[in-house]
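One structure is given below, encoded as structure tokens.
Lettered A, B, C, D, E and F in written order, each chain numbered from 1.
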């Protein structure tokens, strides 16, 4: 059995647009049903949901045979949580609330094996297909895709530094939190917020990384695409 | 759909006694069964149980139609855990092991949206009834009830400072841990512990907040009521 | 606590159109999310899904506070299954594959207490709100709504006899099975099938009962409404 | 590992009173909590609940170390259901709604291996402790305790015939259904019903079998004991 | 998306030996772990286990990406159960306790759509990949593999008649039940039983169908292979 | 009911070899099945798996009647996680990634009640058999067995200091992580790693504590035994 390649990571590198959907309802039937809908990726969200670890694993299993990529958002930039999700076979992560380059570097470290990082090693896990993937430990890092979420006014000022952290594969702008941090709670479509989002996308792109966002506003999505956004989630499952 | 008001918070403000029960067994059938028993509130405990996030959510769902209020105790004063419980629709929290005003302020910050706090923002969750509650983000804080648990001899000395933290809606005394911290492990009914509990209740009350406790000792409950306790849990489900 | 009235049954009696959705994915979060969408009813399907008994109960709990009615389709016209679903608090049932008046009468018997039927009696269940609903046993039948599904060419010929069975509250036409039985498997939109569906609706209506169907074909839905259909499901959750 | 003996069956044979509780809420934590309460037996009810097969098994596991015996009530007198519960390790069954000696004999057959019955054989199950119990297949029958439930006026008339069926280890009277069948739905405490219950207990006893019942009425329980009842459930967990 | 072909059915037709394992422990992680072990097939057993419907579905999902085929054994030759398992995407079934050609024909009918059978029709299920598989209803039958279990002395006498039922794709001999029916409960390795098993395999083969069995006895397995057995399970997961 | 003694702790003190198995697949049926296999201990791993809190509890329940000891590995050296596992009744813990004596002392503190530590107190939990164990709070510490995992080159240098921390009951060497930290990721059988493992075992033994390891390499296991290893896991369940 060979190491599953990460087509989403490859697409991001090639700047091929990836349209996705937010998945905050747990369950493998639900996940497989969504996986059949034609999205390029789906984000299994554990940050703003009650989806738990065994459910994430069952959802990864359900999505596996489909030409859709399942990314996972942990509850936080937490190495223990990431270790468990990695062993469950997740390959793409969206890390919430990264404010600084140091925090981004911490996330990178958590998802990479020594000497490149500090990911804990287990020989027999779903990630290594129960030990069947040859050289999993030395090859796993290459197929991990790490996306960090910039979602405050302060974090926006650090985009270039965050983008410069080796191992960060993309930066996502979270409009809801950004709106709140800018004084417009519950109003991510406020013009000031939209401007900040679009400016962020441009700066991420200029810094050499693919930019992403979640929005249900078709107009903003269009402007974001024009600004260079690559991975965009356009709907939520609830 | 309108924002669910928090009748328990209102009752605490009005100093209307609220009799409750501790719920450490998970499950929505169990929760609904308890909800039909006439208690003013029930405490879904995740600190000293294995009740997990999806189960809490299902219990909140089961209790929703009943005139009983479900409070949740997280495993710790942890912003990530609180964020998820808030999104699941919990409105009242009992925070374990708060020792200082700073820790109390941290809890307040975790349950309030910017600029009043640092709660993460998600548009479509059970808390906002999947986006149907208008202005949820700006109105949610008002119906959140934050109770902190004072449960060591040291924490008792800080009652007035903790009570002075804006956003703390009540202080709960945990006799079991207090007993242990006072050198009487397993003996919450020791006279010294009871005195400390009753003294704490008086000081919380004097500091302008409703006091609460859990006890299965009818005599202590009576004396606590005389001392001013407002929210009291009188039984445990196991 | 009072016996929950069945607004869906009342609406059917008043011939007020009820727009619904098919729910074949299990889970209480999913169910609550759907319940917030504004449908008049949702059909929790266990016949063509793996949704099991505890999940149905948790979904009934989740939907309870919403102005949406949850009907349940058992796997079969099975008295044991119906007994358990009734005790779980379901009040409306869609019985698959009823071919004759005798089978319809069997279903009626299963959902009614003696002497009107043979439903088993348990005192303390979710249905009776754990015994809090006064006279539940004598009043329950009145709020049960029994819908039977006519889904073969042969069953269609028996519509008038089935409609004449006391206790049948509505008849539903299942286009998918009907199509297969008419020699058009997988083609419920075939003109012959549509004609049979519409003819069935007219005859059900003429026989004095509300007619229903599930279709994702807007044109057929429109013609069915013109023919008198009252309870129509217009979408599926997968 | 040796075959677990069935202390409840032995107690019934010795006519040692066995006080029990009805358990209609699923979950292994709940079951273990109840198991610690001192009851002689607890009845895991799947007939009037949504408790499912995996949950029954987890409850049997949780109760195993305690000096309490877990009996299981299947949804019906159904050989397939009984086969699965037997393999899960249940040893005592309460069969609902047995009306005749023939139905009782059917239940006996379902719980015994050939040539004494028709129970399906599997070598490696929890019942045989995964094959570790020597000669499980030839010794299992001896520790199975089969109780049948007589719960209609008609069934009462057949008590002596049912009691004469070899392999029936006790007869239980279900007051709730009996009341309904006698024209007093929801009123199991009606004097006529109580008389019928007590008369049934006397006749079961006279027929040489232990009698049992569930009642929350202390007065009836006392009179039932005087009439000879051996296994009585005195409370319900909901 | 195309209809998943059934490689196990093709292998049976080609008489290519298929080595399998019995899976009586539920859970998708367990199933995926087993799927990685190199067996040609694994039998998800619900007859002698507590594995339930949602768990079977999650196990089918987990196994899907592996070159292993998951067959399912229902609790009984039950059309309702088969309908649900079919919709969950199972394609191969092992039907317990088939005694006669009529019972075999009943099973065939349950797994085929009209006019070839009586399988109920649902448009949007996992089986049809949520409607994405074109012409699923008319093509599904071809990839269903129906195996029946002959497991009593009496059933053995009917092998030729059972094998002659169109739509039966193989016959499996169950040594454990056969041993019990022959008067050797718990002793499937008794020479008389082994002779009966081997004779059965020869007659099944002579009747033009692939024969199968489960045994942990290497010697019997070898002799069975010599007698022509094609699908053999050689281990159990518990 | 009396406090369950910890036979594994006693065996470690007596230096009686304890052979174990790694359990990374959740589920109580799986756990009971493993418990019947004759291992001295089994390690319920939550660090490199998705096994969650309720599942751990159900596994502890399933294993309870067997002469096998269930140890639990938390995701991290985390006092909140340990508090919940302790209340669920776990008595033996394997703490991952302990680097220093200070970290070891932190773990000790988390599993002991005041004044010996900081474990939170709850009166009614599975650990105290729902309050039935007399003096649980004062006696619990004595039966807790705390094992720490040394798994980096740096941690190895601290063995003697870690071993000197009162309350550490054994030290486990994690070859997989050690290999990675020494520059041999995925190669725990490299001679340098093996030498380090064996040297570690000798030093742990010399420091007066029992040493343990997990390895599937029979040769290493033999050399480790010769070096003094006491608790060894020799297989993994996946």
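Just so it is clear, a residue touches a chain if its C-beta (ideal position, glycine included) is under 8 Å from a C-beta of that chain, and two chains touch if they have at least 3 such contacts.
What you see is a predicted model, and the numbers here were worked out from it, not measured in a lab.
K.L.:
Select, from E-F and B-F, the pair of chains that is joined by more C-beta pairs in contact.
P.N.:
Pair with more contacting C-beta pairs, E-F versus B-F: B-F.
K.L.:
Chain A-chain F contact: same residues or different, taking over half shared as same?
P.N.:
On the two sides of the chain F and chain A interface, the residue numbers are mostly different, under half being shared.
K.L.:
Taking each chain's centre as the mean of its CA atoms, which one is farthest from the centre of chain A?
P.N.:
Computed centres place D farthest from chain A.
K.L.:
How big is the gap, in whole Å, between where the Cα atoms of chain D centre and where those of chain E centre?
P.N.:
34
K.L.:
Counting in whole Å, what is the centre-to-centre distance of chain B and chain D, each centre being its mean C-alpha position?
P.N.:
Comparing mean C-alpha positions, chain D is 42 Å from chain B.
K.L.:
Show the residues in chain D shared as contacts by 2 or more other chains, in ascending order.
P.N.:
Chain D, residues with two or more chain partners: 26, 29, 33, 49-50, 52, 54, 57, 130, 238.
K.L.:
Sort the chain contact graph into one of these: line, ring, star, complete or other.
P.N.:
other
K.L.:
Where do chains touch, given as pairs?
P.N.:
A-B, A-C, A-E, A-F, B-C, B-D, B-F, C-D, C-E, D-E, D-F, E-F
K.L.:
Enumerate the contact residues on chain B facing chain C in the complex.
P.N.:
Result: residues 1, 28-29, 32-33, 36, 54, 57-58, 61-62, 64-65, 126, 129-130, 132 of chain B touch chain C.
K.L.:
Can you list the chain F residues touching chain E in their complex?
P.N.:
25-27, 29-30, 33, 49-50, 237-238
K.L.:
Please name which positions on chain B make contact with chain A in the complex.
P.N.:
52-54, 56-57, 80-81, 83-84, 87-88, 113-115, 120-125, 130, 135-138
K.L.:
What does chain B use to touch chain F in their complex?
P.N.:
Counting only chain B, the residues touching chain F are 24, 26, 46-52, 55, 75-76, 78, 96-97, 176-177, 179-181, 183, 185-188, 236, 238.
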